[in-house]
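Next, two complexes with chain A in common: one pairs it with chain B, the other with chain C.
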Partner chain A sequence: MDVKKVKRTMKVGPKKDKTLYGLQWVNYGNVGSEALLQEVEAATTLSDSDADLLVKEFARVVIGYVANGHNVDLGVLGTLSPKISAKAVDSEKDCTAQTISSIGVLYRSRQELADDAKAMSITMLSSSSSSATDGGDEGNDNGNDNGGGNNGDGGDLVG
Partner chain B sequence: MSTKNEILYKPKQKKVFGKERWVATMVSKKQISLETIISDVAKNTTGQPGEVSGMLRAYLGRIRTHLLEGEAVKIEGLGTFYPRLSTRFVEDPAKVSVGECIKGVMIGFRPEQKLVAVVKKSNLRKFTGKENETEE
Partner chain C sequence: MAISYVKKKIKLPINGNVEERYVAKIQYTGHVDEDNIAEHISNATTASASEVGMYIRELEYYISRRLAEGYIVRLDHLGTFYPTIHAKAQLSAADVDYRTITRKGVLFRPTSEFKEVLDGASLSLASPKVMKAIDHRKKREQ
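== the complex of A and B ==
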(Lines of atoms letter the chains of each structure in order from A and count residues from 1; the text may use other names and numbers.)
(Lines give C-alpha, C1' and ligand atoms only; values in the text may rest on other atoms or scores of the structure.)
Protein backbone atom coordinates (compact mmCIF):
# COMPACT_ATOMS: atom_id res chain seq x y z
CA MET A 1 0.00 0.00 0.00
CA ASP A 2 1.27 3.46 -0.86
CA VAL A 3 0.84 6.46 1.40
CA LYS A 4 1.70 10.11 0.90
CA LYS A 5 2.54 12.96 3.21
CA VAL A 6 -0.27 15.46 3.81
CA LYS A 7 -0.82 18.49 5.97
CA ARG A 8 -3.99 19.39 7.75
CA THR A 9 -5.07 22.53 9.57
CA MET A 10 -7.09 21.59 12.60
CA LYS A 11 -10.50 23.25 12.79
CA VAL A 12 -11.51 22.24 16.31
CA GLY A 13 -10.01 21.01 19.56
CA PRO A 14 -6.95 22.01 21.54
CA LYS A 15 -4.84 22.17 18.36
CA LYS A 16 -7.29 24.48 16.54
CA ASP A 17 -5.64 26.49 13.71
CA LYS A 18 -2.43 24.48 14.01
CA THR A 19 -1.01 22.77 10.95
CA LEU A 20 -0.25 19.10 11.49
CA TYR A 21 1.42 16.55 9.24
CA GLY A 22 0.58 12.95 8.60
CA LEU A 23 0.12 10.25 6.01
CA GLN A 24 -2.75 9.38 3.73
CA TRP A 25 -3.56 6.29 1.68
CA VAL A 26 -3.04 6.74 -2.07
CA ASN A 27 -5.98 5.44 -4.08
CA TYR A 28 -5.04 4.66 -7.68
CA GLY A 29 -8.70 4.20 -8.63
CA ASN A 30 -11.24 1.52 -7.89
CA VAL A 31 -10.94 -1.96 -9.31
CA GLY A 32 -14.35 -2.45 -10.95
CA SER A 33 -16.59 -5.44 -11.63
CA GLU A 34 -15.43 -5.75 -15.24
CA ALA A 35 -11.77 -6.10 -14.29
CA LEU A 36 -12.63 -8.61 -11.56
CA LEU A 37 -14.67 -10.69 -13.97
CA GLN A 38 -11.74 -10.88 -16.36
CA GLU A 39 -9.55 -12.08 -13.51
CA VAL A 40 -11.93 -14.91 -12.57
CA GLU A 41 -12.57 -16.01 -16.17
CA ALA A 42 -10.50 -19.13 -15.61
CA ALA A 43 -12.66 -20.19 -12.67
CA THR A 44 -15.83 -20.42 -14.74
CA THR A 45 -17.21 -21.80 -17.97
CA LEU A 46 -19.92 -19.12 -17.97
CA SER A 47 -20.03 -16.65 -20.83
CA ASP A 48 -19.01 -13.06 -20.10
CA SER A 49 -22.62 -11.89 -20.14
CA ASP A 50 -23.77 -14.72 -17.85
CA ALA A 51 -20.91 -14.02 -15.42
CA ASP A 52 -21.86 -10.34 -15.43
CA LEU A 53 -25.50 -11.21 -14.72
CA LEU A 54 -24.41 -13.52 -11.93
CA VAL A 55 -22.45 -10.77 -10.18
CA LYS A 56 -25.40 -8.37 -10.51
CA GLU A 57 -27.72 -11.04 -9.09
CA PHE A 58 -25.27 -11.59 -6.24
CA ALA A 59 -25.48 -7.88 -5.32
CA ARG A 60 -29.28 -7.95 -5.61
CA VAL A 61 -29.60 -11.00 -3.33
CA VAL A 62 -27.24 -9.50 -0.72
CA ILE A 63 -29.13 -6.18 -0.73
CA GLY A 64 -32.42 -8.05 -0.23
CA TYR A 65 -31.19 -9.86 2.86
CA VAL A 66 -29.48 -6.83 4.40
CA ALA A 67 -32.61 -4.72 3.90
CA ASN A 68 -34.60 -7.45 5.61
CA GLY A 69 -32.51 -7.21 8.78
CA HIS A 70 -30.14 -10.10 8.20
CA ASN A 71 -26.43 -10.33 8.78
CA VAL A 72 -25.00 -11.56 5.46
CA ASP A 73 -21.80 -13.59 5.22
CA LEU A 74 -19.61 -12.51 2.32
CA GLY A 75 -17.09 -15.30 2.81
CA VAL A 76 -13.46 -14.15 2.89
CA LEU A 77 -14.50 -10.49 3.09
CA GLY A 78 -16.65 -10.54 6.22
CA THR A 79 -20.27 -9.62 6.84
CA LEU A 80 -22.75 -6.90 5.95
CA SER A 81 -25.76 -6.05 8.10
CA PRO A 82 -28.10 -3.13 8.68
CA LYS A 83 -27.33 -0.78 11.56
CA ILE A 84 -29.43 1.74 13.41
CA SER A 85 -28.66 4.84 15.43
CA ALA A 86 -31.17 6.04 17.98
CA LYS A 87 -31.70 8.79 20.53
CA ALA A 88 -31.59 7.83 24.19
CA VAL A 89 -34.83 8.30 26.15
CA ASP A 90 -35.70 8.14 29.84
CA SER A 91 -38.21 5.29 29.83
CA GLU A 92 -38.59 1.97 28.06
CA LYS A 93 -42.07 2.84 26.78
CA ASP A 94 -40.71 5.94 25.03
CA CYS A 95 -38.18 3.80 23.19
CA THR A 96 -40.12 3.55 19.92
CA ALA A 97 -39.21 3.46 16.22
CA GLN A 98 -39.51 7.26 16.23
CA THR A 99 -36.34 7.48 18.31
CA ILE A 100 -34.37 5.79 15.54
CA SER A 101 -32.54 8.63 13.82
CA SER A 102 -30.76 6.76 11.06
CA ILE A 103 -30.51 3.39 9.34
CA GLY A 104 -27.35 2.42 7.53
CA VAL A 105 -25.15 -0.50 6.58
CA LEU A 106 -22.48 -2.02 8.79
CA TYR A 107 -19.48 -3.91 7.44
CA ARG A 108 -17.36 -6.14 9.66
CA SER A 109 -14.25 -7.54 8.07
CA ARG A 110 -13.45 -11.21 8.59
CA GLN A 111 -10.79 -11.70 11.28
CA GLU A 112 -8.30 -13.30 8.85
CA LEU A 113 -8.68 -10.35 6.48
CA ALA A 114 -8.29 -7.86 9.34
CA ASP A 115 -5.14 -9.68 10.49
CA ASP A 116 -3.68 -9.71 6.97
CA ALA A 117 -4.53 -6.01 6.53
CA LYS A 118 -2.58 -5.19 9.69
CA ALA A 119 0.44 -6.96 8.22
CA MET A 120 0.34 -5.10 4.87
CA SER A 121 3.55 -3.47 3.76
CA ILE A 122 3.31 0.31 3.52
CA THR A 123 5.44 2.48 1.26
CA MET A 124 5.71 6.23 1.80
CA LEU A 125 5.90 7.96 -1.57
CA SER A 126 8.18 10.90 -2.15
CA SER A 127 6.13 14.10 -2.29
CA SER A 128 6.09 14.46 -6.09
CA SER A 129 5.53 10.86 -7.17
CA SER A 130 1.79 10.47 -6.62
CA SER A 131 -0.79 11.12 -9.33
CA ALA A 132 -3.60 9.34 -7.55
CA THR A 133 -6.84 10.38 -5.96
CA ASP A 134 -6.76 11.36 -2.30
CA GLY A 135 -7.39 8.39 -0.10
CA GLY A 136 -9.81 10.24 2.10
CA ASP A 137 -10.24 11.21 5.66
CA GLU A 138 -8.65 8.47 7.66
CA GLY A 139 -8.88 8.11 11.36
CA ASN A 140 -7.25 10.59 13.64
CA ASP A 141 -5.86 10.56 17.13
CA ASN A 142 -9.32 10.27 18.61
CA GLY A 143 -9.91 6.95 16.99
CA ASN A 144 -12.24 8.16 14.25
CA ASP A 145 -11.86 6.19 11.08
CA ASN A 146 -14.20 7.79 8.69
CA GLY A 147 -13.15 7.35 5.20
CA GLY A 148 -10.79 6.22 2.60
CA GLY A 149 -12.99 6.34 -0.47
CA ASN A 150 -12.46 8.32 -3.62
CA ASN A 151 -13.02 11.90 -2.78
CA GLY A 152 -11.53 12.43 0.59
CA ASP A 153 -10.47 15.72 2.05
CA GLY A 154 -7.94 14.33 4.44
CA GLY A 155 -5.44 17.06 3.80
CA ASP A 156 -3.24 18.81 1.29
CA LEU A 157 -0.35 17.04 -0.29
CA VAL A 158 2.86 18.31 1.16
CA GLY A 159 5.04 19.57 -1.65
CA MET B 1 -36.76 -14.26 0.90
CA SER B 2 -39.53 -12.06 2.25
CA THR B 3 -40.70 -9.28 -0.06
CA LYS B 4 -41.56 -7.02 2.89
CA ASN B 5 -38.28 -5.83 4.32
CA GLU B 6 -38.26 -5.48 8.06
CA ILE B 7 -35.58 -4.49 10.54
CA LEU B 8 -36.11 -5.47 14.18
CA TYR B 9 -35.15 -3.38 17.18
CA LYS B 10 -35.53 -3.66 20.94
CA PRO B 11 -35.15 -1.19 23.79
CA LYS B 12 -31.97 -1.64 25.76
CA GLN B 13 -30.92 0.09 28.94
CA LYS B 14 -27.56 1.83 28.62
CA LYS B 15 -25.54 4.26 30.63
CA VAL B 16 -25.43 7.56 28.71
CA PHE B 17 -23.27 10.28 30.29
CA GLY B 18 -23.50 8.45 33.62
CA LYS B 19 -27.29 8.17 33.55
CA GLU B 20 -29.30 5.00 32.87
CA ARG B 21 -31.35 5.56 29.71
CA TRP B 22 -33.13 3.50 27.04
CA VAL B 23 -31.88 3.19 23.48
CA ALA B 24 -33.35 1.27 20.53
CA THR B 25 -30.81 -1.35 19.41
CA MET B 26 -30.74 -3.60 16.35
CA VAL B 27 -31.84 -7.19 16.65
CA SER B 28 -30.17 -9.15 13.89
CA LYS B 29 -32.13 -11.89 12.17
CA LYS B 30 -30.36 -15.18 11.52
CA GLN B 31 -27.10 -14.95 9.62
CA ILE B 32 -27.33 -15.72 5.93
CA SER B 33 -24.47 -17.94 4.87
CA LEU B 34 -22.55 -17.58 1.66
CA GLU B 35 -23.97 -20.99 0.64
CA THR B 36 -27.51 -19.57 0.89
CA ILE B 37 -26.51 -16.55 -1.19
CA ILE B 38 -24.93 -18.83 -3.81
CA SER B 39 -28.00 -21.05 -3.88
CA ASP B 40 -30.31 -18.03 -4.36
CA VAL B 41 -28.10 -16.65 -7.12
CA ALA B 42 -28.04 -20.05 -8.87
CA LYS B 43 -31.87 -20.25 -8.74
CA ASN B 44 -32.21 -16.88 -10.44
CA THR B 45 -29.57 -17.37 -13.13
CA THR B 46 -28.69 -20.01 -15.70
CA GLY B 47 -25.58 -21.13 -13.77
CA GLN B 48 -25.33 -24.50 -12.06
CA PRO B 49 -24.83 -24.23 -8.25
CA GLY B 50 -21.27 -25.63 -8.47
CA GLU B 51 -20.39 -23.23 -11.23
CA VAL B 52 -21.92 -20.26 -9.42
CA SER B 53 -20.15 -21.24 -6.21
CA GLY B 54 -16.76 -21.52 -7.92
CA MET B 55 -17.16 -18.25 -9.73
CA LEU B 56 -18.43 -16.21 -6.76
CA ARG B 57 -15.81 -17.58 -4.38
CA ALA B 58 -13.09 -16.75 -6.92
CA TYR B 59 -14.64 -13.27 -7.33
CA LEU B 60 -14.63 -12.62 -3.56
CA GLY B 61 -11.11 -14.03 -3.35
CA ARG B 62 -9.88 -11.58 -5.99
CA ILE B 63 -11.48 -8.69 -4.09
CA ARG B 64 -9.57 -9.77 -0.99
CA THR B 65 -6.31 -9.92 -2.94
CA HIS B 66 -6.78 -6.43 -4.37
CA LEU B 67 -7.57 -5.02 -0.91
CA LEU B 68 -4.40 -6.54 0.50
CA GLU B 69 -2.47 -4.96 -2.38
CA GLY B 70 -3.75 -1.57 -1.21
CA GLU B 71 -6.44 -1.13 -3.84
CA ALA B 72 -10.11 -0.20 -3.51
CA VAL B 73 -12.68 -2.48 -5.13
CA LYS B 74 -16.15 -1.50 -6.22
CA ILE B 75 -18.95 -4.08 -6.40
CA GLU B 76 -21.63 -2.65 -8.62
CA GLY B 77 -24.85 -2.21 -6.63
CA LEU B 78 -23.28 -2.91 -3.24
CA GLY B 79 -20.47 -0.47 -2.62
CA THR B 80 -16.73 -0.03 -2.34
CA PHE B 81 -14.33 -1.94 -0.12
CA TYR B 82 -11.08 -0.11 0.59
CA PRO B 83 -8.00 -0.21 2.82
CA ARG B 84 -8.47 2.24 5.67
CA LEU B 85 -5.77 3.82 7.77
CA SER B 86 -5.91 4.85 11.37
CA THR B 87 -3.43 7.72 11.53
CA ARG B 88 -1.75 10.12 13.89
CA PHE B 89 -0.85 13.65 12.83
CA VAL B 90 2.31 15.34 14.18
CA GLU B 91 3.43 18.96 14.44
CA ASP B 92 6.90 18.43 13.00
CA PRO B 93 6.86 17.48 9.27
CA ALA B 94 10.31 15.92 9.67
CA LYS B 95 8.82 13.37 12.06
CA VAL B 96 6.35 12.02 9.51
CA SER B 97 7.04 8.34 8.95
CA VAL B 98 5.03 5.12 8.62
CA GLY B 99 6.03 4.03 12.12
CA GLU B 100 5.18 7.39 13.68
CA CYS B 101 1.96 8.22 11.83
CA ILE B 102 0.19 4.96 11.05
CA LYS B 103 -1.53 3.29 13.97
CA GLY B 104 -3.27 0.58 12.01
CA VAL B 105 -4.69 -0.65 8.72
CA MET B 106 -8.23 -1.93 8.44
CA ILE B 107 -10.67 -2.72 5.67
CA GLY B 108 -13.55 -0.29 5.25
CA PHE B 109 -16.73 -0.34 3.21
CA ARG B 110 -18.68 2.52 1.72
CA PRO B 111 -22.18 1.34 0.66
CA GLU B 112 -23.54 2.49 -2.66
CA GLN B 113 -26.44 4.93 -2.51
CA LYS B 114 -28.75 2.27 -3.96
CA LEU B 115 -28.05 -0.10 -1.06
CA VAL B 116 -28.51 2.63 1.55
CA ALA B 117 -31.78 3.74 -0.07
CA VAL B 118 -33.23 0.21 -0.02
CA VAL B 119 -32.20 -0.35 3.63
CA LYS B 120 -33.67 3.01 4.69
CA LYS B 121 -37.04 2.01 3.21
CA SER B 122 -37.26 -1.09 5.45
CA ASN B 123 -40.00 -1.16 8.05
CA LEU B 124 -38.90 -0.92 11.66
CA ARG B 125 -40.59 -3.37 14.02
CA LYS B 126 -40.17 -3.87 17.74
CA PHE B 127 -38.75 -7.27 18.61
CA THR B 128 -41.36 -9.37 20.42
CA GLY B 129 -38.99 -12.03 21.69
CA LYS B 130 -40.76 -14.78 19.75
CA GLU B 131 -38.49 -14.52 16.73
CA ASN B 132 -35.33 -16.57 16.65
CA GLU B 133 -33.00 -13.61 16.42
CA THR B 134 -29.81 -12.40 18.05
CA GLU B 135 -29.27 -9.08 19.69
CA GLU B 136 -26.55 -6.86 18.25
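== the complex of A and C ==
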Protein backbone atom coordinates (compact mmCIF):
# COMPACT_ATOMS: atom_id res chain seq x y z
CA MET A 1 0.00 0.00 0.00
CA ASP A 2 1.35 3.44 -0.87
CA VAL A 3 0.85 6.46 1.34
CA LYS A 4 1.49 10.14 0.89
CA LYS A 5 1.92 13.09 3.21
CA VAL A 6 -0.88 15.61 3.45
CA LYS A 7 -1.16 18.82 5.41
CA ARG A 8 -4.21 20.43 6.86
CA THR A 9 -4.97 23.41 9.04
CA MET A 10 -7.02 22.59 12.11
CA LYS A 11 -10.26 24.54 12.40
CA VAL A 12 -11.26 23.58 15.93
CA GLY A 13 -9.77 22.18 19.08
CA PRO A 14 -6.62 22.94 21.08
CA LYS A 15 -4.56 22.97 17.88
CA LYS A 16 -6.81 25.43 16.08
CA ASP A 17 -5.15 27.34 13.21
CA LYS A 18 -2.08 25.09 13.42
CA THR A 19 -0.95 23.26 10.30
CA LEU A 20 -0.44 19.58 10.90
CA TYR A 21 0.93 16.84 8.70
CA GLY A 22 -0.31 13.33 8.36
CA LEU A 23 -0.39 10.30 6.11
CA GLN A 24 -3.09 9.28 3.68
CA TRP A 25 -3.29 6.08 1.70
CA VAL A 26 -3.14 6.33 -2.07
CA ASN A 27 -6.05 4.90 -3.98
CA TYR A 28 -4.97 3.59 -7.36
CA GLY A 29 -8.48 2.81 -8.36
CA ASN A 30 -11.65 1.05 -7.47
CA VAL A 31 -12.24 -2.63 -8.09
CA GLY A 32 -15.84 -3.10 -9.16
CA SER A 33 -18.12 -6.05 -9.70
CA GLU A 34 -16.95 -6.54 -13.30
CA ALA A 35 -13.35 -7.13 -12.27
CA LEU A 36 -14.43 -9.41 -9.44
CA LEU A 37 -16.63 -11.35 -11.84
CA GLN A 38 -13.80 -11.90 -14.30
CA GLU A 39 -11.45 -13.02 -11.59
CA VAL A 40 -13.88 -15.54 -10.21
CA GLU A 41 -14.98 -16.83 -13.64
CA ALA A 42 -11.35 -17.62 -14.34
CA ALA A 43 -11.09 -19.61 -11.12
CA THR A 44 -14.32 -21.61 -11.50
CA THR A 45 -16.25 -23.42 -14.23
CA LEU A 46 -19.23 -21.12 -14.00
CA SER A 47 -20.68 -19.65 -17.17
CA ASP A 48 -20.82 -15.87 -17.69
CA SER A 49 -24.52 -15.68 -16.98
CA ASP A 50 -24.29 -17.85 -13.88
CA ALA A 51 -21.38 -15.84 -12.51
CA ASP A 52 -23.28 -12.61 -13.09
CA LEU A 53 -26.36 -14.02 -11.43
CA LEU A 54 -24.21 -15.21 -8.54
CA VAL A 55 -22.89 -11.74 -7.81
CA LYS A 56 -26.43 -10.37 -7.63
CA GLU A 57 -27.75 -13.33 -5.68
CA PHE A 58 -24.85 -13.16 -3.23
CA ALA A 59 -25.69 -9.55 -2.39
CA ARG A 60 -29.44 -10.26 -2.23
CA VAL A 61 -29.01 -13.25 0.07
CA VAL A 62 -26.59 -11.47 2.40
CA ILE A 63 -28.84 -8.39 2.63
CA GLY A 64 -31.84 -10.63 3.28
CA TYR A 65 -30.14 -12.46 6.13
CA VAL A 66 -28.89 -9.26 7.77
CA ALA A 67 -32.33 -7.65 7.50
CA ASN A 68 -33.76 -10.73 9.24
CA GLY A 69 -31.44 -10.30 12.19
CA HIS A 70 -28.68 -12.79 11.34
CA ASN A 71 -24.94 -12.49 11.72
CA VAL A 72 -23.50 -13.29 8.31
CA ASP A 73 -20.05 -14.86 8.22
CA LEU A 74 -18.22 -13.88 5.04
CA GLY A 75 -15.20 -16.05 5.71
CA VAL A 76 -11.90 -14.19 5.48
CA LEU A 77 -13.71 -10.90 4.90
CA GLY A 78 -15.33 -10.93 8.31
CA THR A 79 -18.91 -10.65 9.45
CA LEU A 80 -21.86 -8.40 8.73
CA SER A 81 -24.46 -7.96 11.47
CA PRO A 82 -27.49 -5.76 11.91
CA LYS A 83 -27.23 -3.06 14.54
CA ILE A 84 -29.72 -0.69 16.11
CA SER A 85 -29.35 2.73 17.69
CA ALA A 86 -31.79 3.23 20.54
CA LYS A 87 -32.45 5.93 23.11
CA ALA A 88 -32.16 4.98 26.78
CA VAL A 89 -35.38 5.67 28.74
CA ASP A 90 -36.29 5.92 32.42
CA SER A 91 -38.76 3.08 32.70
CA GLU A 92 -39.02 -0.40 31.29
CA LYS A 93 -42.48 0.13 29.81
CA ASP A 94 -41.23 3.08 27.79
CA CYS A 95 -38.55 0.86 26.24
CA THR A 96 -40.31 0.07 22.96
CA ALA A 97 -39.53 -0.12 19.26
CA GLN A 98 -40.28 3.62 19.08
CA THR A 99 -37.03 4.30 20.96
CA ILE A 100 -35.03 2.74 18.12
CA SER A 101 -33.86 5.61 15.94
CA SER A 102 -32.03 3.69 13.21
CA ILE A 103 -31.11 0.26 11.93
CA GLY A 104 -27.74 -0.17 10.31
CA VAL A 105 -25.13 -2.76 9.50
CA LEU A 106 -22.03 -3.50 11.54
CA TYR A 107 -18.95 -4.84 9.84
CA ARG A 108 -16.21 -6.65 11.73
CA SER A 109 -13.17 -7.75 9.80
CA ARG A 110 -11.81 -11.21 10.45
CA GLN A 111 -8.53 -11.50 12.35
CA GLU A 112 -6.80 -12.83 9.22
CA LEU A 113 -7.84 -9.73 7.30
CA ALA A 114 -6.80 -7.50 10.18
CA ASP A 115 -3.46 -9.33 10.26
CA ASP A 116 -3.14 -8.86 6.51
CA ALA A 117 -3.90 -5.19 7.01
CA LYS A 118 -1.26 -4.94 9.73
CA ALA A 119 1.21 -6.77 7.51
CA MET A 120 0.61 -4.36 4.65
CA SER A 121 3.88 -2.84 3.63
CA ILE A 122 3.76 0.92 3.48
CA THR A 123 5.58 2.82 0.78
CA MET A 124 5.95 6.56 1.10
CA LEU A 125 5.37 8.45 -2.12
CA SER A 126 6.77 11.87 -2.87
CA SER A 127 4.45 14.41 -4.52
CA SER A 128 6.49 14.38 -7.74
CA SER A 129 6.18 10.64 -8.14
CA SER A 130 2.52 10.41 -7.26
CA SER A 131 0.29 9.64 -10.22
CA ALA A 132 -2.52 8.37 -8.04
CA THR A 133 -5.93 9.84 -7.57
CA ASP A 134 -6.25 11.76 -4.37
CA GLY A 135 -7.70 9.20 -2.01
CA GLY A 136 -11.05 7.73 -2.94
CA ASP A 137 -14.63 8.77 -2.67
CA GLU A 138 -15.02 6.48 0.32
CA GLY A 139 -13.46 6.16 3.65
CA ASN A 140 -13.98 9.00 6.02
CA ASP A 141 -12.74 7.95 9.41
CA ASN A 142 -13.35 10.24 12.31
CA GLY A 143 -10.89 12.33 14.21
CA ASN A 144 -8.23 14.86 13.40
CA ASP A 145 -5.60 12.14 13.16
CA ASN A 146 -7.35 10.59 10.20
CA GLY A 147 -5.05 9.02 7.68
CA GLY A 148 -7.76 7.28 5.68
CA GLY A 149 -8.22 7.85 1.97
CA ASN A 150 -10.86 10.48 1.51
CA ASN A 151 -11.14 12.84 -1.40
CA GLY A 152 -13.16 15.48 0.39
CA ASP A 153 -11.05 15.40 3.50
CA GLY A 154 -7.77 15.17 1.62
CA GLY A 155 -5.70 18.22 2.49
CA ASP A 156 -2.79 19.44 0.43
CA LEU A 157 -0.11 17.11 -0.82
CA VAL A 158 3.27 17.69 0.74
CA GLY A 159 6.42 16.90 -1.18
CA MET B 1 -38.34 -9.36 7.58
CA ALA B 2 -38.02 -8.76 11.28
CA ILE B 3 -35.22 -7.86 13.62
CA SER B 4 -35.69 -8.87 17.27
CA TYR B 5 -34.75 -6.75 20.23
CA VAL B 6 -34.72 -7.15 24.00
CA LYS B 7 -34.91 -4.66 26.83
CA LYS B 8 -31.71 -4.16 28.75
CA LYS B 9 -31.16 -2.35 32.03
CA ILE B 10 -28.03 -0.22 31.97
CA LYS B 11 -26.26 2.21 34.25
CA LEU B 12 -25.40 5.66 32.93
CA PRO B 13 -23.47 8.53 34.51
CA ILE B 14 -25.87 11.49 34.49
CA ASN B 15 -24.83 14.79 36.08
CA GLY B 16 -22.23 13.03 38.18
CA ASN B 17 -24.57 10.29 39.41
CA VAL B 18 -24.92 6.74 38.15
CA GLU B 19 -28.55 6.14 37.24
CA GLU B 20 -30.45 3.19 35.82
CA ARG B 21 -31.98 3.37 32.39
CA TYR B 22 -33.54 0.93 29.91
CA VAL B 23 -32.50 0.56 26.31
CA ALA B 24 -33.47 -1.65 23.39
CA LYS B 25 -30.69 -4.03 22.35
CA ILE B 26 -30.61 -6.18 19.28
CA GLN B 27 -31.01 -9.95 19.61
CA TYR B 28 -29.57 -11.89 16.70
CA THR B 29 -31.81 -14.41 15.00
CA GLY B 30 -28.90 -16.67 14.24
CA HIS B 31 -25.62 -17.11 12.43
CA VAL B 32 -25.14 -17.98 8.77
CA ASP B 33 -21.92 -18.77 6.95
CA GLU B 34 -20.72 -19.29 3.40
CA ASP B 35 -22.24 -22.78 3.18
CA ASN B 36 -25.69 -21.47 4.09
CA ILE B 37 -25.33 -18.67 1.54
CA ALA B 38 -24.07 -21.10 -1.12
CA GLU B 39 -27.03 -23.41 -0.64
CA HIS B 40 -29.44 -20.52 -0.88
CA ILE B 41 -27.83 -19.18 -4.03
CA SER B 42 -27.59 -22.56 -5.77
CA ASN B 43 -31.39 -22.77 -5.65
CA ALA B 44 -31.55 -19.71 -7.90
CA THR B 45 -28.89 -20.80 -10.39
CA THR B 46 -27.85 -23.85 -12.37
CA ALA B 47 -24.69 -24.24 -10.29
CA SER B 48 -24.35 -26.74 -7.48
CA ALA B 49 -23.97 -25.64 -3.87
CA SER B 50 -20.33 -26.75 -3.80
CA GLU B 51 -19.51 -24.77 -6.93
CA VAL B 52 -21.24 -21.71 -5.54
CA GLY B 53 -19.34 -22.19 -2.28
CA MET B 54 -16.07 -22.28 -4.21
CA TYR B 55 -17.07 -19.12 -6.03
CA ILE B 56 -17.91 -17.32 -2.79
CA ARG B 57 -14.61 -18.27 -1.17
CA GLU B 58 -12.67 -17.22 -4.26
CA LEU B 59 -14.54 -13.91 -4.27
CA GLU B 60 -13.73 -13.32 -0.62
CA TYR B 61 -10.04 -14.15 -1.04
CA TYR B 62 -9.78 -11.92 -4.11
CA ILE B 63 -11.38 -9.02 -2.26
CA SER B 64 -9.09 -9.47 0.74
CA ARG B 65 -5.99 -9.54 -1.52
CA ARG B 66 -7.04 -6.35 -3.31
CA LEU B 67 -7.72 -4.62 0.00
CA ALA B 68 -4.23 -5.50 1.22
CA GLU B 69 -2.87 -3.83 -1.93
CA GLY B 70 -4.71 -0.61 -1.12
CA TYR B 71 -7.66 -0.91 -3.53
CA ILE B 72 -11.24 0.04 -2.77
CA VAL B 73 -13.48 -2.91 -3.65
CA ARG B 74 -17.07 -2.19 -4.59
CA LEU B 75 -19.78 -4.84 -4.85
CA ASP B 76 -22.58 -3.06 -6.71
CA HIS B 77 -25.54 -4.32 -4.72
CA LEU B 78 -23.90 -4.95 -1.36
CA GLY B 79 -21.46 -2.18 -0.55
CA THR B 80 -17.86 -1.07 -0.57
CA PHE B 81 -14.89 -2.42 1.33
CA TYR B 82 -11.95 -0.07 1.70
CA PRO B 83 -8.63 -0.15 3.52
CA THR B 84 -7.95 2.53 6.05
CA ILE B 85 -5.11 3.83 8.14
CA HIS B 86 -5.03 5.97 11.23
CA ALA B 87 -1.96 8.14 11.65
CA LYS B 88 -0.95 10.61 14.33
CA ALA B 89 -0.76 14.18 13.04
CA GLN B 90 2.65 15.87 13.36
CA LEU B 91 3.71 19.50 13.55
CA SER B 92 6.21 19.19 10.72
CA ALA B 93 6.22 17.25 7.47
CA ALA B 94 9.66 15.84 8.25
CA ASP B 95 8.26 14.01 11.27
CA VAL B 96 5.68 12.13 9.20
CA ASP B 97 6.75 8.62 8.37
CA TYR B 98 5.46 5.05 8.66
CA ARG B 99 6.02 5.10 12.42
CA THR B 100 3.21 7.64 12.82
CA ILE B 101 0.70 5.08 11.54
CA THR B 102 -1.14 3.80 14.59
CA ARG B 103 -3.65 1.47 13.00
CA LYS B 104 -4.48 -0.25 9.72
CA GLY B 105 -7.76 -1.94 8.98
CA VAL B 106 -10.72 -2.51 6.71
CA LEU B 107 -14.07 -0.73 6.74
CA PHE B 108 -17.37 -1.41 4.99
CA ARG B 109 -19.99 0.99 3.70
CA PRO B 110 -23.35 -0.49 2.56
CA THR B 111 -25.10 0.60 -0.62
CA SER B 112 -28.18 2.81 -0.45
CA GLU B 113 -30.15 -0.24 -1.59
CA PHE B 114 -28.88 -2.18 1.46
CA LYS B 115 -29.72 0.71 3.79
CA GLU B 116 -33.23 0.98 2.36
CA VAL B 117 -33.90 -2.69 3.05
CA LEU B 118 -32.74 -2.26 6.63
CA ASP B 119 -34.86 0.87 7.08
CA GLY B 120 -37.87 -1.16 5.99
CA ALA B 121 -37.18 -4.07 8.37
CA SER B 122 -39.76 -4.52 11.11
CA LEU B 123 -38.81 -4.78 14.77
CA SER B 124 -40.24 -7.21 17.29
CA LEU B 125 -39.70 -7.69 21.01
CA ALA B 126 -37.92 -11.02 21.46
CA SER B 127 -38.59 -11.60 25.13
CA PRO B 128 -40.48 -9.89 27.94
CA LYS B 129 -37.52 -10.51 30.26
CA VAL B 130 -35.33 -7.49 31.00
CA MET B 131 -31.62 -8.20 30.67
CA LYS B 132 -29.51 -6.78 33.44
CA ALA B 133 -26.35 -4.81 32.91
CA ILE B 134 -23.11 -6.61 33.56
CA ASP B 135 -20.56 -4.63 35.56
CA HIS B 136 -17.47 -5.42 33.51
CA ARG B 137 -15.19 -3.63 35.95
CA LYS B 138 -16.19 -6.00 38.77
CA LYS B 139 -15.74 -9.01 36.47
CA ARG B 140 -12.23 -7.87 35.60
CA GLU B 141 -11.30 -7.43 39.25
CA GLN B 142 -12.42 -10.94 40.17
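Quick note on the criterion: the second predicted complex is superposed on the first by the 136 of 159 C-alpha atoms of A that agree within 3 Å, B and C clash if a C-alpha of one lies under 4 Å from a C-alpha of the other, contacts with A are read in each partner's own complex, and residues count from 1 in each chain.
We take it that a residue touches a chain if its C-beta (ideal position, glycine included) is under 8 Å from a C-beta of that chain, and two chains touch if they have at least 3 such contacts.
If you're wondering where the values come from, they're calculated on a predicted model, not measured in any experiment.
With chain A as the common reference for superposition, the partners chain B and chain C occupy clashing space.
In the superposed pair of complexes, A:50 makes contact with chain B and with chain C alike. Put simply, chain A uses residues 1-3, 5, 7, 18, 20-33, 36, 39-40, 43-46, 50-51, 53-78, 80-84, 86-92, 94-97, 99-100, 103-105, 107, 109, 113-114, 116-118, 120, 122, 124, 136, 138-139, 141, 143, 145, 147-149, 158 to touch chain B in one complex and chain C in the other. If you check the complex, the residues on chain B that touch chain A are 1-2, 5-9, 11, 13-14, 16, 21-34, 37, 40-41, 44-47, 51-52, 54-64, 66-93, 95-98, 101-111, 114-116, 118-122, 124-126, 136. Residue ranges on chain A touching chain B, taken from their complex, read 1-3, 5, 7-8, 18, 20-33, 36-37, 39-40, 43-46, 50-51, 53-84, 86-92, 94-97, 99-100, 103-105, 107, 109, 113-114, 116-118, 120, 122, 124, 135-136, 138-141, 143, 145, 147-150, 158.
Residues 1-3, 5, 7, 15, 18, 20-33, 36, 39-40, 43-46, 50-51, 53-78, 80-84, 86-92, 94-97, 99-100, 102-105, 107, 109, 112-114, 116-120, 122, 124, 136, 138-139, 141, 143-149, 158 of chain A are the ones that touch chain C when the two sit in their complex.
By the touch criterion given at the top, residues 1-5, 7, 9-10, 12, 21-34, 36-37, 40-41, 44-47, 51-52, 54-64, 66-93, 95-98, 100-102, 104-110, 113-115, 117-121, 123-125, 130 of chain C touch chain A in their complex.
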